[in-house]
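In the two complexes that follow, chain A is the common piece, with chain B as its partner first and chain C second.
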Partner chain A sequence: MTRLDPAALDRDGALEEARAKLTRTQLLGAGLTATGALLALPRRAWAAQLSKTDTDVLNYALSLEYLQAAFYTESERSKAITGKAGQAARTVGAVERAHVDAFLGLLGKKAIKRPRFDFQGVTEDKRAFLKTAVAFEDLAVAAYKGQAIRIESPAVVSAALGIHTVEARHAAWMRHLNGIQPAANAFDEPDSKQEVLKLVADTGFVVAAPRMKAKRKPGYTG
Partner chain B sequence: MCGGALAALAGSAVAVPMLVEAQGSDDRGVLELLLLIERTEAAFYSAALEAGILDGELREFAQVVRGHESEHLAVVEGALGSDLPAEPTFDFADSLADADAFARAAAQLEDAAVGAYNGQAGNVSKKVFAVAARIVSVEARHAAWVRSIEDRDPAPDATDKPMTEQQVRDSLRELGVTA
Partner chain C sequence: MRRRATSALAIVLAAGLAAVALSRTGDPRERLAESDPRGALPPAAQPALAITAPRPLPAERHLTRWAPLRRSVVARARPAAGARRVTLLRRLTPEGTEHPVPVLGRAAGRDGRSWLRVRLPVLPNGTTGWIPRRAAGQYILIRHRLVIDRARLRLTLLRRGEPVFAARVGIGEDRWPTPAGEYLVRNRLHGYDSPMYGPVAFGTSARSPTLTDWPAGGFVGIHGTDRPDLIPGRVSHGCIRLRNADILRLAKLMPIGTPVTIR
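This part shows the complex of A and B:
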């Protein structure tokens, strides 16, 4: 029986070496070991090797990570999300930002640009924050699950699966904070890209064009 | 506002995956490891509930999770069909000494499940992969849930590291499993 060892996916040892190096130098703070290792991979080498499908999947994942990272970062800055929810926003936000960095590192120049977001006040109210966080995390779990099977590169599959289960941990955490059952079913269902993108679009959180609301009053023109 | 869309996001379908059939030697070998995990989990939560050491949230957690694990077990057994490996033996005396010991052991067990499923994903057919993917995130939810109850960090890492079969077996042995 040929059994593939996870370590064997990392054929040239780059992942493991990067991981060890990062661990040694304590660069990680909030336990960003594996993502840090991905991040430390030679970027150009990765982007050049990616198939069209993998590039597509990674950019889709990046779009969801952009959304999550922006949401938690804005929640953190609003200072309205306090207590355990605030602690969760800080910790999860740091992880989602690390996921963004990891995908940017993998995609190199093929990465899509960060869109603009308008969270319509949900980052300034604890109840709305938790409800949105639960929705985002459950969605991320379903989205990664929907894509993992499409990915062609074994190393990218491994990375995506490692992130997939962290999103599930976040989902359970946010659900617990929100007083709803962290694991509602024995099986989590995948969602298609089309379904996920429609749900994201329906939130209105992603604004394609720059916001028209001026940040400063226009100068007096008399 | 976005209430309707959010409600739609939060809605979760309830569907039991179709039973899969092992398609090759890799599938069978991996499924036997997953069987060991699911058998351990099912036995562990049953023993925990019988031990009378749990109340409140931890008890509710154990009840819900026991149900999930027995569903997972049925799927993995179904995939393996007949000729299942011999049952392992369990000694959960240390893991179930008290509620704290239970919570720590449950977190370790769920982490081992996550590490095992993630670690074996590259060794199976797409059919088994698809079902395993539906299970592994639930194991991760369990791992975070029990830590949330205990006020420990539910998601300590940015990614979950895959575990080798040996690492999984070592972790189970620590928890009182002899396979």
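This part shows the complex of A and C:
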């Protein structure tokens, strides 16, 4: 079973490129966003101020954001999901990519690399897409809820809640599109990190890099 | 008489309840202040993240994609299980690496399954076919393209349409021509002891139209050489030869799966 492995490789260097771009932006002085002791630090220095627990929680959240962003991005690129579902995929995808950018900006060099994903055609089939989208959004909502009490910094709690509510809106939207009651329960249950990672691993969507290099003599025409 | 008294009592009670309710729906700010009379609740914490605006996908003109095969699969002439068989694609290349196929398009078959149109590594070069989506793995996106100009004996690596590397090359002699067309870099071999291929060799999906009985299928490679004095020139059996310093530089820049245009 493939785990959502933080050490998984960045597929084509795009992540490194995005990170470098973010860093350049930060160096240009776009690092301050709000008040407070932590917030007064240049964004570049935030990663150093984060506690180990908060760094772990943020990287865990980032792994889920990678998953969601990759899912909607692949769906949009496939152009196979049209109509209201396609519109939702474009909108939600743009938000999930913004979440990834935000986590990368906050974590800096402590950010985990993007895993590789194989969605096995789910992004190209409307019914399968919506079903998976509901599962992902519900999972994200439960995952954020599950980590809320572990976070130590109020600023990080505030950030996580800001994303948690957006994920809940996404969940309701995808549920509605899939014909499921958006808000059926009076209370939602949290999911532990172990539960979430097991669910993600069970999908088989997180994969290793294909083996495209070999140490052997070529048999090409020469 | 009794009924009239009961009604009057009910009206009085309702009026009283309404008055109480109204008294509680006054200025919301006052009610909020009442909930925290000493101002004991702290202000809301500012978020640690700089949440940017949603980021739409940029339109990218130079994006191609490929996927490794999950299993050996028959490529068919149409997106249907009963369509004419074009060829059998094996999961591994003759070099033992995973087999990448360039994805050109997709379609839903009559059976409801998703199919991919892929370019096939068979003669005649340029042949395409359809495989079930589930036979292919993760999509891998590429922003590079390698262009081999046979007339100018020049190789150029592009990234997002911009040249990032260029070198003079050796190509096939007239009797063993390097075939024109659209192909893919399939794998990268290294650590072998064969000076004629230089330190690094890339395999492509191009096949020699003349050396059809060549061991391992007659695939065209891109590799170094032990005869740099012959470059540039029409000197090979169809492979694209570079000076060793150039192939090492190319190996640092070019990802597997890069599309190759030979013209």
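Quick note on the criterion: the second predicted complex is superposed on the first by the 167 of 222 C-alpha atoms of A that agree within 3 Å, B and C clash if a C-alpha of one lies under 4 Å from a C-alpha of the other, contacts with A are read in each partner's own complex, and residues count from 1 in each chain.
Operating definition for what follows: contacts are C-beta pairs under 8 Å (C-beta built on N, C-alpha and C of every residue); 3 or more make two chains touch, one makes a residue touch a chain.
If you're wondering where the values come from, they're calculated on a predicted model, not measured in any experiment.
Q: Quick one: is A:A183 in contact with chain B, with chain C, with both, or with neither? Answer first, second, both or neither.
A: So A:A183 only meets chain B here.
Q: With both complexes superposed on chain A, which partner does A:I149 reach: first (chain B), second (chain C), both or neither?
A: first
Q: A:S78 contacts which: chain B (first), chain C (second), both, neither?
A: The second partner, chain C, only.
Q: Determine, under the contact definition given at the top, whether A:V207 touches first (chain B), second (chain C), both, or neither.
A: In the superposition, A:V207 contacts chain C only.
Q: So in the superposed three-chain picture, is A:A98 touching just chain B, just chain C, both, or none of them (first/second/both/neither)?
A: both
Q: Between chain B and chain C, whom does A:S63 touch in the aligned arrangement: first, second, both, or neither?
A: Touch partners of A:S63: none, neither chain B nor chain C.
Q: Contacts for A:A168 in the overlay, against chain B (first) and chain C (second): which applies, first, second, both or neither?
A: first
Q: Is A:V134 contacted by the first partner chain B, the second partner chain C, both or neither?
A: first
Q: State whether A:R90 touches chain B only (first), chain C only (second), both chains, or neither.
A: After superposition on chain A, A:R90 lies in contact with chain C alone.
Q: Is there a shared patch on chain A that both chain B and chain C touch, and which residues make it up?
A: In chain A, residues 30, 33-36, 38, 91, 95, 98-99, 102, 120, 154, 157-159, 162-163 are touched by chain B and also by chain C.
Q: So in the complex, the part of chain A that touches chain B is made up of which residues?
A: Against chain B, chain A makes touches at 1-7, 9, 30-36, 38, 91-92, 95, 98-99, 102, 120, 122, 131-132, 134-136, 138-139, 141, 145, 148-149, 154, 157-159, 161-173, 176-177, 181-190, 199, 202-205.
Q: Quick check: in the complex, which residue numbers of chain B touch chain A?
A: Against chain A, chain B makes touches at 1-2, 4-6, 8-10, 12-17, 25-26, 29-30, 64-65, 67-68, 71-72, 114, 118-119, 121-123, 126, 129-130, 133-145, 148-149, 153-165.
Q: What residues of chain A sit close enough to touch chain C in their complex?
A: Result: residues 11-12, 14, 30, 33-36, 38-39, 43, 46, 73-74, 76-78, 80, 90-91, 93-95, 97-99, 101-103, 105-106, 116-121, 124-125, 153-159, 162-163, 207, 210-222 of chain A touch chain C.
Q: Okay, in this complex, where on chain C does chain A touch?
A: 44-57, 63, 65, 68, 94-98, 100, 106, 108, 114, 133-134, 137-143, 172, 176, 186-194, 196-197, 201, 203, 208, 211, 214-216, 218-221, 223, 236-239, 255-257
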